[in-house]
Each structure stands twice: as C-alpha cells, then as structure tokens.
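Reading through the structure tokens given below for one structure.
Letters A, B and C mark the chains in the order given here, with residues in each chain numbered from 1 onward.
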Amino acid sequence: MMALPQFFDLQGYGHLLMEGAAITVGVGIAAMAVSLVLGMLGALARLSERRWLRRTGAVYTTVVRGVPELVLMLIVYYGGTVLLQKLLSLSGGDIRVDIDAFLAGTIVLGFVYGAYATEIFRGAFLAIPQGQIDAGQAYAMSPGQIFFRIKLPQAWRLAIPGLGNLWLTLLKATSITSVIGLTELARQSDLIKSPTHKPFTTFFLASLLYLAMTALSDLLRLRAERWASAGFRRS
Amino acid sequence: MKFVRFLAVVFAVAALAGAAQADKRKLIVATEGAYPPYNFVDADGSLQGFDVDFAKALCEKLNADCDIIKQDWDGMIPGLIAKKYDLIVASMGILPEREEKIDFSIPYYQSPTALVANKSAGITAGADGFVDPESLAGKKVGVQRATAYETFARQKWPKVEVVVYDSSESADLDMTAGRIDARFDDFIVLQNGILKSDSAADYARVGNIWAEKDFGSKGEGIGVRKGEEDLRDAVSKAILDMRADGSYQKIDAKYFDFDIYGE
Amino acid sequence: MWNGIDFELVYTSLPELAGGLVTTIQLTILTILGGIVLALPLGIARTSPLKSVSLPIWAYTYFFRGTPMLIQLFLIYYGLAQFKTLRASFLWPILRDGYWCCLIAFTLNTAAYTIEIIAGAIRNVPHTDIEAARAMGMSAMTTMRRITLPIALRILFPAYTNEVIFVLQSTSLASMVTVLDMTGVARIIIARTFSPYEIFITIAVVYLMLTYATLWLFRRFEFHLYRHLRSHASAVAAVPALR
C-alpha cells in the first residue's frame, strides 16, 4: 500500500481541481439565477386563472422531470447551436453565435431546475394564509400591490428551505456538464485521472471539494432562512 | 430576462467582432487534448503536442490569428459544422464517411495503427503477419468512440467485444486495470500511453502495423467545413510550404524520431 | 439537415436502441431493489437514539448525498481499479465489470437518499400512534412492524416516487463507463452517423414514456395505500419533495 503523502500526490495537477471547483460554483450561480426566474414565471403560470397558462406550466414541469439531464445537455449542446444558426440565418447575415459549454450548461440546468423551482414557488404561494390577502383587498390594494407587498415577500420566506435544497442539488448536477466539455470539477478530475495515474485519489479529493461546497452552502442556507424569517413571529 | 440580455450582448460582440476584421484573419482551431503525444494538456492546463505546435506553425503560414481550443472528440465534427471553430487539427483520419460531412486538407501525416495486447491474453499474429482474428474471438478490445478504429474493429472482427471509451486515455487506464485485453489505436499513442505505463512489461504489440490505406483512410487531415474550399486549399498549400522550408521537420523532430509525414 | 428530419435513421436505429432500453430498465429495477434492501434496515437504524449506530449511517448518507453521482461512479469504476490489492482479490471479477460498478454506485447512492427518506418518515409518524401501540402492550418490534412502518410508508411515498424517477434518469450515466444503456447506444450511433438531433430526441421521448409509466404505476399504488382513507385521498398530492 502507498504511503499517505504519496497517495495524495497529484503531481502538480492538483490546482486544476480548484479551478474546476471555481467553474462549478460559477455555472451553478448562473443556472440558479435562470431557474429562479423560470421558477417564478412557472409558478405564476401554474397558479394563473388562464387555463392555457396552467397547462403550459404543467407540461413544463412534467416534461423536464421525464428526460435525463445528461440527454438534455447533449441535445442543447449539439443541436442547439445549429438551431440557433438556422434561426439567425433567416434574418440574414453571418453572425456567428456560439453556444459554448458554459452557456449550454447554464441553459439546461436553469431550465431543468426552473421546473423544480416552479413547484417550490407554487407551494410557497399556496401556503400564504388567505387572511393576509383578504386583508390586502380590504385595504383596496390593487392586485399588483397585493402581489409585490404581501405575496412575494412571504413566498420568498416560505420558499427558502426548498430553494436551499434546490441549490445543493443544482451544485451537484453541474457535474453533468462534464459531458459537454465544461471544465468544471467533475471534468477536471476526469481529465487528470490518467496523467496522475491515481484515479481514486483524484476523485476522492474532488468528492471532498464537493462536500466542502455542500457544507458551506448548508451554512449559508441556514443564515438565509434566519434572515428571511426576520419579523415573522410564529403565533 | 437575464438570458435575453446575455444573448443581446453576445450578438453585439459578435457583430462588432465581425466588423472589426483586420488584415489577419481570425481562425479558431479545435484539438482534442487527450491524445498524447499529438495533443494533450499539461499540468498548467495548456494544450501541447505535435498537433498544437503544427497548428500554430500552420496559422503563421496562413498569416492568421489563431485561438486553439479544446473539444471533446465526440463533438469534433458537429462543432465544426456548427461553426464553433474553423479548423480541426486533432489527428483526424480522412475517412469516406467523414468526407461526406466535412472537407479535409491534404494529409499532414500518416498514422501507424497497431493492436497492443496483454501478453497473457493469447492474442497472436496470423500467417500474414497481421493479428489473427480467430485469436481475438471473445476478447475485449478497447477503442475510442467515433474513430476509424472503432469502425474497423466492428466490421472486421465481429467476434470481438468492442469496448468504447470517451478518450484514449480512459481506455489505457482500463487496460492497466485489466478490464480489456487489448488496445487498438495509433501506435505512437499506444507507445506513449499504455507502453509507458508502470505495467508496460505486461503488454506487447501483436502483429504488423497497419498503414492508413489499410483502413480506407488517406491519412490524417485538417478538417474544414464544406464550402470553404479556399481555406482548405490555403491549408494544403501551407502544409506543402512547411515541408519545403523544413518547419514541419523541425516540429516532427521535437516529438518523434522518424518523419511521420509518410509517403 | 433541416430539410428533412432523418426518420429513416431513427427507424433503422430502433433495434439497437431497444437493446439499450433493456439495459436501462434492468439497471433501474435492480438498483431500486438493491436500494430498498439496503435502506430499509439502515433507515430504521438511522432513527436509533444510539449515536454509535446513527452516526456512521449519517456519515455514509452525508457522503453520498453531498457528492455528485457521476463522481461516485467514477470513484468506484476508475478509482477502485487503482489499487493492485483489489485487482488481485476475489472482488475483482465483479468490480472490473462496468455493469456491476454501475449497480454498486447507483445502489449506494439511492440507498443513501432512501435511508434519509425512511428515517424522516419514521420520525414523522404521529407519536400518539406509537404511544397507543405501546399502551396496548405491543413490543418495540411489533410496534415497528405493524404501526410505525406502514404509516411511515404512506408518509414517504411521494418523496420515494421522486427518488425512483431520479434513479431512472441517472442510469443514463452508465454510458460514461462503457455500459451500453440506451444513452450509451445512442452516443455510438450518433458518433457513427453525425445525426445527434434525431437520435437524442428519440431517446428523450422513450425516457419520457418510461417516466410516465413509472409515475402512473406509483400513483396507483399510492391510491391503494390510502384505501382505508379513501375520502381523504385528495390530500395526498403533496408538493414534490426534492432530493
């Protein structure tokens, strides 16, 4: 068996893991932003009075859950650029638009987790005590005012636990972008497993990095929950 | 919202970049980065190898400003078609099925192909000097996906279990782990990879080395999109120029002890 | 390419893809079964007041829930092969096979999540029910068997349905370690024919159908679980819990 320091020696390739982790966080944040937007839109669609909106929202959430992220990622990456090029060529002009791996990853992850965020926001909106909305109406608030002053702040508070969970899942799901070549942590570890001749060490250290990110995210989530609950007295 | 804004920025930048076309043309070159010694990534994370040096010299000859990027082998041709880049300099063989989709320059080197097997696997050469297909029956041969080697193995050796990998390096790793009995790839790559590993003594080449024409390949070429004949011809001319003025041979000498250009 | 979607290619690829589909379904079912076998005892043990019992289990679930499945798969497939002693041992015939590595990795992963789901559900069984059972003289084992677990089963069902769907999707990762599941076959066909769109969309549709079929199956079972509360069945449709 190898001596411990020898076991952990990644022969100079180790820093690539840290760079990969940085990209993991980067694409995670970008995708989270997209999924928050899509989630809010989706929840509003599913709760809307218009049936076609409700239907679209429902289709969105079910379709997205039905296809593996890996496959979605490959479709968007290989097919998406061609589609975009065709669309653009219709307007004339040879604009070269490139969906690089980062963008493809952000789009797919944002799209997929937007569906989960939809469910979280929808549950959050449904959980707001009806009395609050009634009170707002009694004060002759417009629907817009009710939404922005009563519904939205409370929905955020109620959504934070679910969103915190979403972030953790999303962070791990960034590993799928490795199949389209994005040099995040999973990809980097896959790349250096051969030159270092130490695949176990490589993946184990990568695991530790993921665990560190998860643990840190957990801490941040607890703080966010506390912040969002400020002023909320549990009656 | 954010996405639309982002797209708008991308359009703007692309349009501006197109407008600001200087004397030097801008070319993006794709290589795999997992195929040493032709192309690989070193500890700094930068691309190195024969293909990389060759591409840089090629761009000089073309008077072009080049960016060399990394692209997974699977997506190499789709990426070229989708205009993610303009040239493929990644040790890609000029095969008929590839020529249906993209164009190639003249060959820039000839790749020797060989089968390297575990000595204890019982794979032997036949009377003609090449690997005996019968001795391969039921064995596991590791190849990279989307290569001529995968196609050849499936067509010529139907009794073989062809195991496909994303990259040559992954296949080598499994060979040392004992998951496959043989590797079928470019011989120089195999010499650099599996035959340089700690357990290299367990492996040996079986049978003769194949030349590109045995595969129906004209050699390794530079990939160019269809419809860009002038770029393709410029590249072919540049290759010949590099042969004439010795710059090719200089790069060759850095990596190999023989002239891989062939012919 | 836009002028015609290559339906003929899809048609000729179907037999190959069907082979991959069989592997996908096999992997999914075996993983689910393995996960249940592993998670049921460990899930119960996870609720133990003894730290020496619940802590190691927690450590295991924490590792497998805190790291991506792909890394776990690579760790087992490529990582374990690093150790010469393992390669020489009796375990090697299992570990050298990509299919088995996938089964092991997927099972360990789903078991980790299932353990937490089961433990969470057990903790949420109304304490009054357990007290009533003990008051009637039931032993701890009997209480667990006849009261706690059945109630917990109903509580965890929506979350577990999600988990099953997730296992189905994650089998596509098997293609990363030479296993020819549906995604693996698709990638080979695409590499050969340069037509990513047609093939990927085909398998996307198949995965969708599989997901719907599974959901339908589980919804029916859930309906069955609540047969004693039929009039309250509408309360079952909870917000899907996330992994």
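Descriptive notes on the structure:
One rule holds for everything that comes next: a residue touches a chain if its C-beta (ideal position, glycine included) is under 8 Å from a C-beta of that chain, and two chains touch if they have at least 3 such contacts.
Only a predicted model underlies this, so the values are computations on that prediction, with no experimental measurement involved.
Comparing mean CA positions across the assembly, the chain most remote from subunit C is B.
Across A-C and A-B, the chain pair carrying more C-beta contacts is A-C.
The geometric centre of subunit B is 38 Å away from that of subunit C, both derived from CA atoms. Annotation: 21 Å between the Cα-based centres of subunit A and subunit C.
Once the centre of each chain is set as its mean CA position, subunit A and subunit B turn out to be 35 Å apart.
Listed for subunit B are residues 78, 170, 173, each touching two or more other chains.
Multi-chain contact residues, meaning those touching two or more other chains, occur in subunit A at positions 78, 82, 179, 190, 193, 197, 199. Looking at subunit C, one finds that residues 78, 81, 176, 187, 190, 196 touch two or more other chains. Residues of subunit C touching subunit A in their complex: 1-2, 62-63, 66-72, 74-75, 78-83, 85, 165, 168-173, 175-176, 183, 186-187, 190, 196-197, 200-201, 203-204, 207-208, 211-212, 239-240, 242-243.
Residues 1, 63, 65-72, 74-75, 78-79, 82, 86, 116, 119-120, 122-123, 162, 165-166, 168-169, 172-176, 178-179, 186, 189-190, 193, 197-204, 206-207, 210-211, 214-215 of subunit A are the ones that touch subunit C when the two sit in their complex. Those residues of subunit A that touch subunit B in the complex are listed here as 11-13, 16, 19, 33-34, 37, 77-78, 81-82, 85, 94-98, 100, 103, 107, 110, 179-181, 190-191, 193-195, 197, 199.
Only residues 1-3, 6, 10-11, 14-15, 18, 34, 40-41, 43, 45, 70-72, 75, 78, 81-84, 169-170, 172-173, 197-198 of subunit B touch subunit A when the two sit together in their complex. Here subunit C touches subunit B in the complex through residues 78, 81, 87, 92, 96-98, 176, 178, 187-188, 190-192, 194, 196, going by the rule given at the top.
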